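You will see two complexes here that share subunit A, one where it goes with subunit B and one where it goes with subunit C.
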Partner chain A sequence: MKMSLLKPFSKLPGLNTANILLVESEEQFQQNLADTLVEETAVTVNVRLAKSLPLPMENEESRPRIDLVVFIINLTSELSFRSAEASLKYLDPGYFLGKVCFMVTNARNASVPTERLDAVRKLAASLHCPLLFAEDQTPDGVTNAAERLLTILKVAAGLVPMATALYLSNLTRCTLPPDIDQPSFD
Partner chain B sequence: MAEVKPGGQPAAELSEAAQSELLDLCEDQFAQLEKLQNEIILCEPDLCENPQEQSVNRLMATDAELKQWLTVEPKLLAANSEVLLQAGKEEMLKLCSELEMVLSCYEAKRDKLRETKELEQKWLEEKKQVLIAATDHAERLQMEKEKLSEHSVLQDTKAKIRKMKVYQENLMESLGDVLEKHVPLPQNESSTNRKKKNIELGLNEDLISLNEILEVLMNKVLNTPHDPYVMIDDTFWPPYIEMLLRYGIAVRHQENNFKIRLETFF
Partner chain C sequence: MATKLNLSAPSDSDLSSLADQTASSRSINRSLRVAEKERRKNEAEDPFVLALKYFSDVEAGTPLFGNDEFEKNLVLVERLAYSKGLSPEAISIMLEFAMSLRMGNAPCVRVLKCLIPTTVVPQGAVVRAVVWLGVGKIPINTQILFIKWVLTVFDLIDAKDQLRAVYGFIFSFVTDENLCPFICHLLYLLTRKESVRVFRVRKLLELQSKLGRQPFLLHLLSLYKVFCPELVTLSIPSRMRSGFRNYNSPWKSALIAVQKRNGSQVASSTSLPFTIKDKTNPRKRKHCHLELPVLSSLVNKQAQTELSSSRKVVPLVQLHSLTQLLENMHRIELPAQMGSLLGSSLALQYLDCVQDESALLRLNFWLGYALHEEFLFCGDGGGSQTSEEALQFLDKLLSSQHFLQESFSSSEAFLYKFLSVWDGSLLRPQILSLLSNIPVVPSSQIGRLLFEPLMQLFFTSSLFFKCGLMECLSNMLLKWLTWHSVYALEDDLDISLNSHTSINMTLSGFKDSVMELVHFVGRLASVGLQLEGCHSLLLSFILDFYEAVCDTFLKYGLPLVVMPPPGVFYPALFSLDPVSVDRLAFIMYRYKVNLTSAKTQEKVTEQAFHISRQTFREFNQYLVVMVNCLWNSKMFNPGMGVQLGEELLLKSNVPQYWTSFDLIHHPAFMSYAVDFHQQCWPGRKDMDFNSIKHSKPWSWYLEYLYSQGYDGLKQFVPTP
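And then the complex of A and B:
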């Protein structure tokens, strides 16, 4: 069990390199997002894709140090949320100091129950992680999502002078409105 | 965690001495990085599933980082001026390209605003013209109002009333003429017809003319609009009543057969 835990500092960083892990149970958005992420020219961005954690042991040696773990949750699917939730325990607590973020898609969909969004927000807030909303249907939306992730990734990989992942996450972490458990009337 | 790696590969323009100095620096940094890495790996990981404990850990980490930032002394990237110049140049170029992007962004914004301004100005012009037209109209009305004094309005109304009265008198006269000519008093008719004389004489002596019947009906309507019905008595000649009813000039009371009223013509 201990062996399968993903750790933030178990390997040496590469020069001018940032590594991001996209975890999505449905594998719909991650490939698109990965293609856009690697277009970044200022640094070398390595993108790793996974359906869920833990990661398979056989790639352990070749896997670079992961600087940022992104959980992509499709709000229209309960399974997507459950899978992300189950994967969380395979992460070293050190990741939760600014090296994890949640990205939600389909939040605008009318069929999404508000309880699910609230549950995701609660999860992100309890882990002090940022919660990003992304539009996965349009190219602009994908570019936007990729840009936001890159900003966090560069900091998490230590490529931005005078900024650290913990410092950034203290500013960007998801916070809950105090009245989230109140029934809403709209 | 707060390690900042010296920027990138040495540029080709650097002299050999500077380049080797820079490489030495990089190697020093990397050695330190490896040392720290080993320390981290050797550290016993403190597993904590409890979110409360995680929050406390997070707070401690943030606190430690804050202290480090407070104590850290700003130091030169490298001692060699050549290296510094090169790094500065690179930074400047980067900054320049970023500023250029900002510039183009603002130029686009400015153009957009200019377009909006032109549109708004066009609207303003249209609104101004509407205002002028409305003011003109208001002025014209004002002038007309001034010309119309209270006296003239009174005079106007009086003339109208007079006209109406003349018209009404005309109507009444015509009505009288028609009635006199075509519906004479029953007595007259009976006196001309010898055969019926005896029968007629048996009737009430003080029959009133159709003229008078209509007058009674009209007065009743005007004086007591809530109760326009008139009781039929002996003075009303039955054929006249029959005629009024038949031609829709008068209407019988729904419950009382002996009451009639003028049809509502208005």
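And then the complex of A and C:
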């Protein structure tokens, strides 16, 4: 079956509408997040969920233009990271001008190897994408994560005057991991 | 159990002294003796007492295999240990039995694992066990197990003076590669100024060259350096990885369980040898789960009287007023649990004025550990209960920092780490408050440590986070400036930023950091206002920041003037609410006062600082724009900051476009103009704003505006 490459500008935008695609291989956090995202009243927010990319061809016609693609990575699972990494190549390069962001959960978990967090940081930095951290265990954390995604989504969907996705991503993109353990203070 | 189990109760010496007593008291004593006999008889039937007796009397070389009696007794002890804990006497007996290897290594490990104290661990038992270490028969793993046990129960050992007396003996084990990390930790807890000797420093340095820069060696050396800087010339990184690992010892959970179960019992027991009255839930550092230990003293009353007068120490817990504190300043015994200092204002006062850095070092060590292990990487991802504990803990930490008016270096190191994984909402008020307390960050580091994570958070978060961060950065600036004005030395060249840490900064270094901060906030503010559509709440927080910036010279004596960027100035000038315009006018007025006084000082004293012409140019530019725009109705005049083509302006069809932002037509003040017009000419039907422009009504109108509380405008253009 032929798979489609997701393109940012192949379709027309809807009036006062923003569309977000949440990609998570484990499908744990995305539903929770989607429920909170659609509660937004100022604009119509459509949330599409996917386990991984590419998206199937069959819904191609009915699928709206996607304004922001969010990769949710659970740091406790290596698979989650690998899956997101593999999905990236099914995005049109145009998306990397501010319409992709990474959201990481469980970053404070003691069992997470630091190398994995570093790898995610490196990935996000090399693609010039923002890297957001989320506390998915608490209701406050979920609300806050949804709020932050909406902030980016509104800009990416062109709903904020005088701001574009590229402009915002220039301010928020991930920078290379700081090595705080060995600072050269002396 | 503790009172019942008293094997060596009223000793012979007590009884013999009774013989001298008078006859009248003899009968009382006899009845006491009868009671004592009765009690002993009861005890003799207690299987646990018999078990202990077995372990204290068993002979070396007794076979282990098939020894049912041993098995039965040990099971008995283990059961009691895990349910109620062991009394001090039982600990002594069992430890002695284990370390002497009377029945080999296997029971030794088993016994060590069940040594859960109910109340305290007698110091003598530990010292004896340490001596057994030196005999050299004990396998290395068992030795490590024993040291780990001592570290775990360290705060429960009833006194430390004898342990300190064998400091040198304990130190000798440092050469053993396997024991070294644990011995270093134990030494760290025992070290005092007098324990630091040249040969010990040399030994540690020698070890370091052999083992590499191990964190445990560095930590011990850093403590030595604090006590005797002249002996340790090694440069020690000011920020170290947490040095001593968290040993997931087998006693941890058992000890918590036993102590929780005994909580009430311990509190009600008054026969304890040391002050424990408030200590309803005695936990130790490693199990604190972010709970502050209660300030308690481990200096045994008896031990205290034994001490020679020259080394007499007073535990902090026995002091109740500042006067007492001052009288005993030179001989204060710090509590074993440094975290308890955070809860006591007297202890904080002591920390604040005492010169030796070891207290602060130990507190930082404890704090860094607690913040990092128990909060930052809490393991389970943070249930609601842990966050409640974290909230109280951080609040306590904050109030201590406010009391001391400076932050702890460990909380600073923690913040940098936490910011890089923060979601922007978890414990936001506490984290932002902690952040606003951090001392001046060198300008070479400030971008990487602070600005990068904060910028990402700022631009992806809600308006309220943006406002919160602005407030935090304002407070940070105010604190930095206050430190500068307090700690700046007379010669105005060098400032020591923090009385406790040895960060010294040159004035230019400090200026660079402040300038970096102001420029960073300028960038955040400009773009933030743009993204949020010049929201007046955000604008208000931004103007708060510039109210501090405009007064750096006069209020804080820092020779630095930084103007706001156009992205802040123009949104404030054209803001829809009059308060913002008024505050901008006030800020411009303060800039003027600061710049004028800087200029006059520059003329008077030759070597005064130099303010760049660019700053004056920027100020004058803003001043011209403001006066022309608000007072002179000359908006869009050539040479002003905002320029638009003549044709374009005509095309807009706005009549008299040059007046559109004067104090009458400015959208923020229009309603006042209407109100004034109605009051001035009540009869008039049609509104003619131009009539306010005439000189008499104009001065009345300004008076009217000033009377509405717009003092900023009044100060900005003083009435002639």
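By our rule, the second predicted complex is superposed on the first by the 173 of 186 C-alpha atoms of A that agree within 3 Å, B and C clash if a C-alpha of one lies under 4 Å from a C-alpha of the other, contacts with A are read in each partner's own complex, and residues count from 1 in each chain.
Everything that follows uses one rule, which is that contacts are C-beta pairs under 8 Å (C-beta built on N, C-alpha and C of every residue); 3 or more make two chains touch, one makes a residue touch a chain.
Note that the coordinates shown come from a computational prediction; the quantities given were computed from them, not determined experimentally.
Peer 1: Which one hits more subunit A residues, subunit B or subunit C?
Peer 2: C
Peer 1: Return first, second, both or neither, reflecting whether A:Phe9 touches subunit B, subunit C, both chains, or no partner chain.
Peer 2: The answer is first: A:Phe9 touches subunit B but not subunit C.
Peer 1: Touching A:Pro161, do we find subunit B (first), subunit C (second), both, or neither?
Peer 2: After superposition on chain A, A:Pro161 lies in contact with both partners, subunit B and subunit C.
Peer 1: Check the residue A:Pro93 against both partner chains and state whether it touches subunit B (first), subunit C (second), both, or neither.
Peer 2: first
Peer 1: Based on the superposed arrangement, let me know which partner A:Met57 touches: subunit B (first), subunit C (second), both, or neither?
Peer 2: After superposition on chain A, A:Met57 lies in contact with neither partner.
Peer 1: Tell me which partner A:Thr172 touches in the superposition: subunit B (first), subunit C (second), both or neither.
Peer 2: It touches subunit C, and subunit B stays clear.
Peer 1: Between subunit B and subunit C, whom does A:Ser126 touch in the aligned arrangement: first, second, both, or neither?
Peer 2: first
Peer 1: Look at A:Ala110 in the shared chain and tell me whether it touches subunit B only, subunit C only, both, or neither; answer first, second, both or neither.
Peer 2: After superposition on chain A, A:Ala110 lies in contact with subunit C alone.
Peer 1: Just to be sure I read the superposition right, which of the two partners does A:Ala134 touch: subunit B = first, subunit C = second, or both, or neither?
Peer 2: Once the two structures are laid over each other on A, A:Ala134 reaches subunit C alone.
Peer 1: For A:Asn144, is the partner it touches subunit B (first), subunit C (second), both, or none of the two (neither)?
Peer 2: It touches subunit C, and subunit B stays clear.
Peer 1: Is there a shared patch on subunit A that both subunit B and subunit C touch, and which residues make it up?
Peer 2: Touching subunit B in the first complex and subunit C in the second, residues 161-162 of subunit A appear in both lists.
Peer 1: Give every residue of subunit A touching subunit B within the complex, in rising order.
Peer 2: Subunit A residues touching subunit B: 7, 9-13, 15-16, 89, 92-93, 96-97, 126-128, 158, 161-162, 164-167, 170.
Peer 1: Going by the contact rule set out above, which residues of subunit A touch subunit C in the complex?
Peer 2: Going through subunit A, the ones touching subunit C are 106-111, 117, 130-138, 140-141, 143-145, 147-148, 151-152, 155, 160-163, 168, 171-175, 177-178, 180-183, 185-186.
Peer 1: Considering the complex alone, what residue numbers of subunit C touch subunit A?
Peer 2: Per the touch definition, subunit C meets subunit A at residues 235, 237-239, 241, 376-384, 387, 413, 416-417, 420-426, 442, 445, 448-449, 452, 455-456, 459-462, 527, 530-531, 533.
Peer 1: Of all residues in subunit B, which touch subunit A in the complex?
Peer 2: My answer: residues 1-5, 8, 33-34, 37, 40-41, 45-49, 51, 54-55, 57-58, 61-62, 65.
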